[in-house]
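Shared between the two complexes below is chain A, which pairs with chain B and chain C, respectively.
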Partner chain A sequence: MTKPRITYPGACVLQAVSRGCRYGFDVMDFAGLPSGTVYPILRRYEILGLLESDWEETDGAHRQGRPRRRYYKLTAAGEAALGTAAERFALHQRMFAPERV
Partner chain B sequence: MAPRPWTYRSLALYLGVWSTLVPHALRARWLEEWRSETWHTLQDKSTFAALRRVLGAPRDAVWSRRPPRNSTPPPPGSPRKGLDALMQDFRYAVRSLRRRPTFTLTALLMLAAGIGSTAALFGTIKSTLLEALPWDDADRLVAIYENRPHQEGRDRNTASLPDFHDWATRTTSFEAMSAYMYTRFAYTSGSSGPMSLAGSQIGWRFFRALGMQPAIGRDFAASDDVPGAPPAAIISHGLWQELLGGNPTVIGTEIVLNEVPHTVVGVLPDMPAFPFEARLWTPLRLDPGEMSRGSHRYDVFGRLKEGVSLATARAELDAIAHDLETEYPESNEGHYTSAYLFRDELTLGVRNTLWIVLGLAGIVLLIVCTNIANMQLANALDRQREIAVRLAIGATNSRVIAMVLIESVVLAVASSALGLLVAYATIDVVVPPQAWQTGSTIDASVFGVALALALLTSVLFGLAPALRLARGDVFDAIRAASRSLGGRRAGLRGVLVASEVAMAVVLIVGAGLLLRSLLALSAVDLGFGEQDAIGAQINLPAASYPEPEHRRVFLQQLVEASLAIPGVTAAGTTDTLPFSGSRSSSNFRIEGREQPDNDDDYSSDRHIVTPGYLGAMGIDLQRGRQLLATDTANAESVVVVNDEFAARFFPDGDLLGARISVWDDTWQRIVGVVGSVRHDDLREGARPEMYFPAAQVGVRGSAWLVMRRANSQLDVGAAIREKVAQFDAGLPVARVVTMRSLVDRSLRSTRRLTRIVSAFGTLAVVIAAMGLYGVISYAVGQRQQEIGLRLALGSTAREVVGLVVRQGMTLVGAGLLVGIGVAVAAGPLLGDALYGIAPNDMASVASAAALLGFVALLATLVPALRAARVDPAETLRTQ
Partner chain C sequence: MREHRVPRLSRWLLSITLHVADRRFALADLDEEFERRARRAPADARRWYRGQVARSLIPNMKNRLARVPRTVFGDLVGDIRFALRTLASTPVVGFVTIVSLAVGIAAATSVFTAANAFLMRPVSTSISAPDELVSIYTTAEGGERFGLTSFPDYVDLREQVDAFADTAAVRMGVLQLQSTDNPRRITAEIVTGNYFDMLGIVPPIGRAFAPDESVFGSAERVAVISHHLWQSEFEARPDVVGETITLDGTPFVVIGVAPADLTSRLLALKIAVWVPLGIPGGTYHSNAEELSTRADREHTVVGRLRIGVTAAQAQSQLDVLSARLQQEHGEAWQDERAQPLALALVPASEGTLPPDWLTALAGFSSIVMFAAGLVLLVACFNVAGLFLARAGKRSREMAVRLALGASRRRLVTMLLTESLLLGVLAGVLGVFLSTQAMGWMDSVTLPIGDLSMDFDFSLDRRVLGFGFLLSIATSVVFGLAPALEGSKPSLLPALQGAVTRPSGKRRRLSLRNLLVVGQIAMALVFVVGAGVTLASFDELLEADWGINPERIAMLSRKLPEEITRDATVPYYRDLVERFEALPNVEAAHLATGAEAGAATIDTTAELYVDGYERAEGESLTVPLNSVTPGYMEMLDIQLLRGRTIGPDDVEGAARVAVVTESFAQRFWGDRSPIGEQFGITSLYQMGNPKPMTGVYYEIIGVVADGGYQGFEGGGRMYFWTALYQHPGPRVLMLLKGSQSAEAMVEVLRGEMDPTDFEVAIVTPRTFEDLISFQFGFLVFMGKILAGAGMFGLALATMGIYGTVSFTVNRRTKELAIRQAIGALPGQIVRDVLREGLVLTTWGLVLGLGVVLPLAALLRSEIEGVSPVEPLSTILGAAILLVVAIAAAMVPARRALRLSPVTALRQD
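And now, the complex of A and B:
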C-alpha cells in the first residue's frame, strides 16, 4: 500500500481522535468541520488502517435506553501519520485546545 | 430525556433515503451510525444542531461508494472513471436544477404530494388489509353469526348460547369456538375509587381459539366456566401495570368486580388482545342447557382446523343450523348462520374507504405525472440549444441521455424523500391506525413504493425528451431551437393538459357527491333532540342489585336527584340508548290476531324506560299519551310504540287500546304513539319500536340516565358523578356523553372521506390550472411575433385575448367532456359512501364542470391579457 497522503482536514480529524473524540459528531465539533467532510475521512482512514472503529456493547446502550454508538481510535499507523502531518502542518497542533483527559 | 419521536423519526427517514446510495455491504452499519449519532445529538443538543449535522449524510453516502484515493491504484478498466463521470453528472444535475428553481420546486412539491399520498395509502392498506392480525395463525379466525328472518339484509347478528353450544359441539371444521359478550365491570379494588372497566365475558376456550395465552399464570379451564365455579379473571398487561403495579405475584390475588371478589388467574402478554378495548376477561359461567334459545346476546368466533376452507365451514354451519331448525322449530325457524374471516370483519368499516381513496391518490399521481411530463417537455425544448452545443463539442449521445436522466433521478429521490414526510404526516388521516396495529405503518416497503413511484414517474418523462434530443441531428436541433414551436409538440402538450382537466373533473364530481351526501346525512331527522341531551352510563352489579325492583328504585332515586341539578329540565333512564351501540329486539303477539307462522314476523326493537325518558330525549308524542309515573306494577300494563310500529302492524291506525304481549302471560295496552328514532346508523330507515315502563317489566343492570339540560353550555358530568357517589360510593359512572357527540361519531367516516376527496379534488384543480397556465403562457410566448403582427395589422386587444382564451378553452372543453363521461361512469364506485343522492347526479356533474371551467378560464386569462399588451412595434423590430 502506498503511503497515505494526509490532507489538512484529515490531519484535523486525526488530531481530534487522538485527543479523545470518539464519535463522528464529537470529531466534527472538535475539528470544526462539517459532517460531510468528517465522515468520508473517517471511512477512508479506517480502510487505510489509520483508524479503527468499534461498536459499543448493545446491551449496555439499550439498558440506558439509547442506541449504541460507534467509537473511533487511532492505530499505530494513524499515530505515525499524525506525526508526519504534524510536521507538515506546523501550526496545526497549536490550534487545538489542550489534550482532553 | 429521549428525543421527540417525530423529529427523530423524520431525520431517521431522511437518513434511510440516503442510505440507499451506500453499497449494500456497508449500508446497515452506515445507517446505524448516522441514526445513533443523530439520536444522541437530539438528546444532548438541539433539533437545529441535528439538522445541520445530517446535512452531511448525502456526501458521506456518495463517498462511501468510492475506493479511497490513496489506496492501491485501481486495475485498468475498473469502473472508477465511470463513477467519476457519474459524480460529475450528478453535480451538474443538482446545479442545473438549482438554476431553475421554479421548475424544480414545483416539480418537487407536486411529486411529493402525489407520491406521499399514494405511499401513505399503500402503507395503510398493507398494514390494515394485508398484514396478519397479531395472533397465531390469525387467518384461520372466523366470526360466526346467527341471523333471523326479520333482520332483513343484516347478516351479522348475535347468537343464543344454546345455539352456539350446539355449533361448538357438532362442528368438525373448527378447532375451537367461543362465545363472548362485551361488558363493563365496576372495579372497586383500587385506591382511587370505583372505576368502570371495559371487559368481556367469555367461554373458556376463548384465548385458545384466538391464538394467545397468558404471559403469567394460566388460561381459563373448563372448570372455571360452569355455574357456581369460583369467579376467576384474566387481566390485560396494561391493567396489570396501571392498577396492580406490575406486581409479578399478582396471580392468586383477589380483585372486586361488580362487587364480587374474583381471583386473578392470568395476565396477558403486552400485545393487542380481543376485544381491543377490553382490559378484563371473566368466564361466562352459564349452563347452555338452562338458557333460552330466544335470547340472542352472544358474539361468536372460531378457529378453523388447519387446511379447512371457509366455504367448508360455512356449509357445515348451514347444515347444523338446518338441523337445529328441525329440532327446535319454535325458536329456530328460519334462523341461518353466516361466517366471515375475522380480519374482514375488523376492517369492514374501512375497507371500501381505503380502496376508494387509493384510487383517488392514483388519479392525483397521474395528474402530477402528466403535469411533470408537460413541464419536462417545455423544459427540454428550452434546453435544446444547450444540448445541441454539448453534442457539437463532442459529448456522446449516451452522456447527454445520462445527463437528462440523472436530473430526473435526482428529482425523483429528493421528491420521494419529501413524499415520505408527506406520507408520514398523512398516513393516519385516511384511516386511523387499527387497534391491533402497534408499530408504525411506514416501513421499508412503503419507502420502496415511494421511491419506485418517483423513479417511474420522473424517469419515464425525463427519458422521452432525452431520447428525442440525443437522437436528433445536431444542426437540426440548433436550427429548431431558434425557430418557433413545432405544431406536433404543442399538440402533445395540449393533450396532456386536456387529460389533467378530465381527471380533475372526476375528482371534483366525487368530492361534490360526497359533500352532498354528508349534508343529507347531517340533515336526517334523528327523531330526538340531540343538542341538549346527555347520557350517563351506569351498570348496576347483580351482587348489590339482585332484583329488578332494587334497580328500579335506585334509578328512580337517581332520576329525581338529577332533576335537582340546576339546569336539568328532564331526566329518565333507558336500557338502550340510540347511537351507543346497544339495541334489543323482541318478538310479540297481538291480541285477537292469529299467531303468525313465524314468530319472527312480529318483531320490534324494544326499550325499557322510566317515564321521564321520552321527554328527556325530546321524542315527539304523536297520539295518545306518554308513559306516566302512575304506570306502576299495580296499574294496567301499558306500552308506547313508534309510528313505524303503527304503520307496519296496524296499517288501519286503530292501535290505541289494542294489546300486545312480549312476555308470556302479560298483555300490554298500547296507550301512545311517538315519533321514530334513528338508532345506530343514519342511513338506516326507521324500525318498529316499543317503549315499556320500567316499573312494570323490570329493569336490567345496564342503564343509561338521560338528562335534558336548559342550555348546551351546561356541564352536568361532574354533578351526576357526585349524585351517583352519594347513593352508592362503590358504583362508577362508565361514561358521560352528549347525544350530539354520539351522533357525530356515526358520521365520522363519511366526514373523513369527504375531507380527503375534497383535498384531492382541490389539489387536482390547482395542478391542472398550473398545467394549463404553463401551456398557454408558453404558447403565447411562442406566438408573440404572430400576435404583434396581428396587433400591428389592426386587431384589437379584445380580439387577441379572445384568440388566446379560445385556444385554452378548446383544451379545457375537450378535457371536460372526457372527464364528465368518466365521472358519470365511475360514480357507482362510490356506492355505499353516498346517501340521498344518485351517483350520476347531473347537478353535481354540472357544478363541478362549471367550477373547473371557471378556474381554467382564469388560468388562461392571465397569459391572454399579457398577450394583448404586446407592443407591436417592439415585436416587429425584433423580427
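And now, the complex of A and C:
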C-alpha cells in the first residue's frame, strides 16, 4: 500500500482520536472541523487502515436515550501516520500540546 | 425520545450531500449533539446546526464528486469539477452572481409569502374537508360591500336554511389578559359552541367546547387557548387543562389548546384565545344587547355545505331567507342608504376574505409583488451580464478547445453546467435567506390601533421550491445565450488574441449595452419608487389633521360603578381639577373621543335639520366628540365664528354644539349658522344605536375643517358638544404637559389601576403615537417596499459597475495600442467616458419614460400617493451616473498606466 498523504485536517482528526475522542461529533468538537470534513476523513482513514471502528452496543445507546454511535480507535499504522504528520505540522503539535484530560 | 426538532431543511440538505456510508452515523452524531444543546437553548442549537450544515456542504459535495467514477457521468462530473474550479478562480464574479440571484429569489419568495398570508393562505391543516366550507356575508343588494352578520340573523339562518350541515358564528374581539409578568391585550374569537366541531378541529391537548357548556345565554367561562399562548403563559405544560386565565377581569377555565396553525379566517391573524358566545354578562362587546340587536352586525358566519348541495343551491336558499328578513325587519335590513340587504355566500375555494377586501388588497399587493419582481429581474440582468462577460473573456479558451476537437455541444454543456452550478448555489442561499426573512417577519408584531397583531407568515414549502427552481431556471436561461455565443468564436481572431472587434462580437457587445441600459432604467425605477413610497407615508403621517397634538397624552377611564348619575359631573370636575393641580400639567380635559383617529371610542349621531330635505340615499350620520370647556383650545382647533364649549354649558342650560365649516355649509349655505338648531334621532356609541327624541342642539361656533375623523373618515362633517351637559360612563382623560407628552404618559401611568381592564381600551399613550398607530400596517408595508427599492438599487448598481467596468476592461489592449501609436491619454479617457455616458443617458431616459407614467397612474388610482420627488430622482440619477463613470474610468486609467507591451501580452 502506498503511504497515505496526511492532510492538515487529517492530522487534526488523528490527533483527536489519539487523545480519546471516540466518535464523530467528539472529533469535530475537539478539532474544530465541520462534519463535512471529519466524516469523510474518518471513512477514508478506515479504508486506509489508519483507524478501525465499531458500532456501539445498542443497549447502551438506548439506555441513554440517544442514537447509536460509531466508535473509532487508532491502529498501529495510524499511530505511525500521526507521528509522521506531527513532524510535518509542528505548529499543530504545539497547538495540541497540553494533554487533554 | 427526541423532543426538539432539528432544522428540517438543513438536515435534509446535509443528508443528500453526505456520502451514503457516512450518512447514518454523521446525522445521528449531529442529532445527538443538537438535542444536548437544544435542552439548554433551542434557538442557539438550531443556529449551531445550520452553521454545521453550511460549513459542511462544500466539502461534502467535493467529496462526493471526487468519488463518482468517470464513466457514465464522466463528462458531467468533469464539468462540475471544472465549473467549481472556474468559480474558485473568479470568486468575485461567482460571489456577485450568487448573491444577486439569492437576494432576488429571497425578495420574490418573501413578498409572495406575505401576500399569500393576507390573500390566499390555505386554511389550517387541522380543518377537515376545507373545500366544503363557505363564508356567509351580509351584503348590500347587488353584492357590493361584503359585511358581517348579526347574531339574530345567524340564528334564523341556522334554523331556516337546511343547505348547511352546520354553521358557526365568530366574533373577533380583544380581551385584556391578566398575567403576572406581562398583562396585555390579546386577540380573541368569541364563537358559537360548535365552532371547532364544525371545522372538524380536534384540539391536540384537551378538548373543544362541549354542548352543555356553550348553551347560549348560560355559557360557561371556559377557553381554548392558542398554541402560542400555551407556550408563553403555561410554559407548554401538558397538564394545562383545568388551569385558569383571567380575561377582562374574570377567570376562565382552560379546556384545550388549539392546533398551532389555526388562525383567524380573515388575514391569517393569530388568535390567542377562543371563548364561547353567550356567557351571561357578555364578553368584550358581545353582550345580550348586541346579540339580540338585528342591526348590530359583528359576526363572521362560516358554514359547511351538506353533502350533495352545491354553493348555488345554498345561495338560492339564502336568497329566500334574505327576502323574508327584509320583509320582517324592514329598517334593520337596510343599509345607511336605505337599500335592502342580502345574504351572500362565498365558497372557501374563492378565499377566506370578503371579495371586496380581496380586490383592495390585491391592488396593494400587486404593487409589492411588482417591486419584488423587479428586484428579481435586476438580479437576472446581473447574472446575464456577468455570464456574457465571462463568455466573452473566455473566447480564447473556447477557441483552443474547438481547435483541439471539442464539439460545440460539449462546450455548451460545459458552460451550462457552470450556470447550473451557480443557480443551485444561489438557490440554496436564496432559500436560506427567505427562511431568515420570514422568520423575522413572523416575529414582528404590527401595531394596529392600540393592539399588537401577529400574522402567520410561516413559509410555504411550495413557495420555497418555486424559488429554488426559479433560481436554476434563471441561471440556465441567462447562461444559455452567452454559452451559445461563447462556443462559436471565429477561430483565428480569437486564437490570435484579437484586438479589434471582430464581426461576431458586435452583437454580443450591443447585447451587453442593452443590459446596462436596462439596469440603469430599473435602478431609476427603484430610486423613484422608493422616494414616492417614503414621501407618501411621510405625507400621510404629517397630514394636517386640523389639531395640534403636541405635548398631549391620554388614557381611557370608566366611571366607577358607585357614582350615580347626579354625581357624575362633580366627579368629572374633581378629576380635572386634581390633574390640573399637578406640576408640569398645562391643561387637563375629558372627552368621549379623540380627533384624527387617535382613539376609537367613537360616537356618531343621526341628524336632522328642520327644513332640510334629505336627498335619496343621503346619510346624515356625523361623528361627534363631547368635551370639557377649553378642550378645543388645548388642541388649537381654529375657531372661525362664534365661541367654543364654555364653562356655562352645563346641564339644564340649552344644549350647544360647535360644528365644522362643511357642516354649516351643508345645511345653511353661506348664512351664519350661529343660533341655528339641529336635532338628533339616534346616537351610536361603539356601534350600539340609542334612539333619541326631542334632543336639539344650538350652534354656538364654527371651526375650520380638518381631518378630525382620522384616516378612515370620509367626510369633513364633525361636531363637538359639552360633556358636562350629558356625561357618559366612558371618557378619555387628556393631559397637556408644559414640557413633553412623555412626561404626561408617566403621570397617567401612575393613575392606572392594573386590575381595571377598562383602562386598557386606551392605555397611556401620546396623542401623536395614537394618530400614527392607525397607519401601523401601512407603514410596515411601506418599509418593505422601500427596503425592496434599496435592495434593487444596490443590486442594480453592482450590476452596472460590473458590466461597464468589464466592457472597458476588455478594451485594455485596444487602449494600450492606441496610446502606443500616439493617442493622448485625455482623448482615450474621453472616448471611454463618452461611451459610458451615452449608455447611462439612454438608461435614464428609458427609466424616466417608464417611471413617470407609472407614478402618474398610481397617483390617479390610489389616494395619498405623492408626486414624483424631483430631488430624490435627480439624486438617484446622479448616483447612477457617478457609478457608471467610475466603472468606466477605473479600468480605463489602469489600462493607460500599463505599458503597451504588458497590455498586449495580457490574456
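What we mean here is this: the second predicted complex is superposed on the first by the 99 of 101 C-alpha atoms of A that agree within 3 Å, B and C clash if a C-alpha of one lies under 4 Å from a C-alpha of the other, contacts with A are read in each partner's own complex, and residues count from 1 in each chain.
The working rule: a contact is a pair of C-beta atoms (placed from the backbone, for glycine too) under 8 Å apart; a residue touches a chain by one contact, two chains touch by 3 or more.
Since this is a predicted model, take the numbers as computed values, not measurements.
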Is A:5 contacted by the first partner chain B, the second partner chain C, both or neither? first
Which holds for A:40: it touches chain B only (first), chain C only (second), both, or neither? both
Is A:25 touching anything from chain B or chain C once the two structures are fitted on A? First, second, both or neither. both
Using the touch definition from the top, say if A:48 reaches chain B (first), chain C (second), both or neither. first
So which one touches more of the residues on chain A, chain B or chain C? B
Would you sort A:70 into first (chain B), second (chain C), both or neither based on which partner it touches? both
Contact residues common to both interfaces of chain A (with chain B and with chain C): 23-25, 28, 34-37, 39-40, 43, 65-70
Quick check on the complex: what are the chain C residues that touch chain A? 1, 14, 17-19, 21-22, 25-26, 28-33, 35, 52-53, 55-60, 63
Touching residues of chain A toward chain B in the complex: what are they? 1-5, 23-25, 28, 34-40, 43-44, 47-48, 65-70
Which part of chain A faces chain C closely enough to touch in the complex? 23-25, 28-29, 34-37, 39-40, 42-43, 65-70
In the complex formed with chain A, which residues of chain B make contact? 2, 29, 32-33, 35-37, 39-41, 43, 53-60, 63-64, 67-72
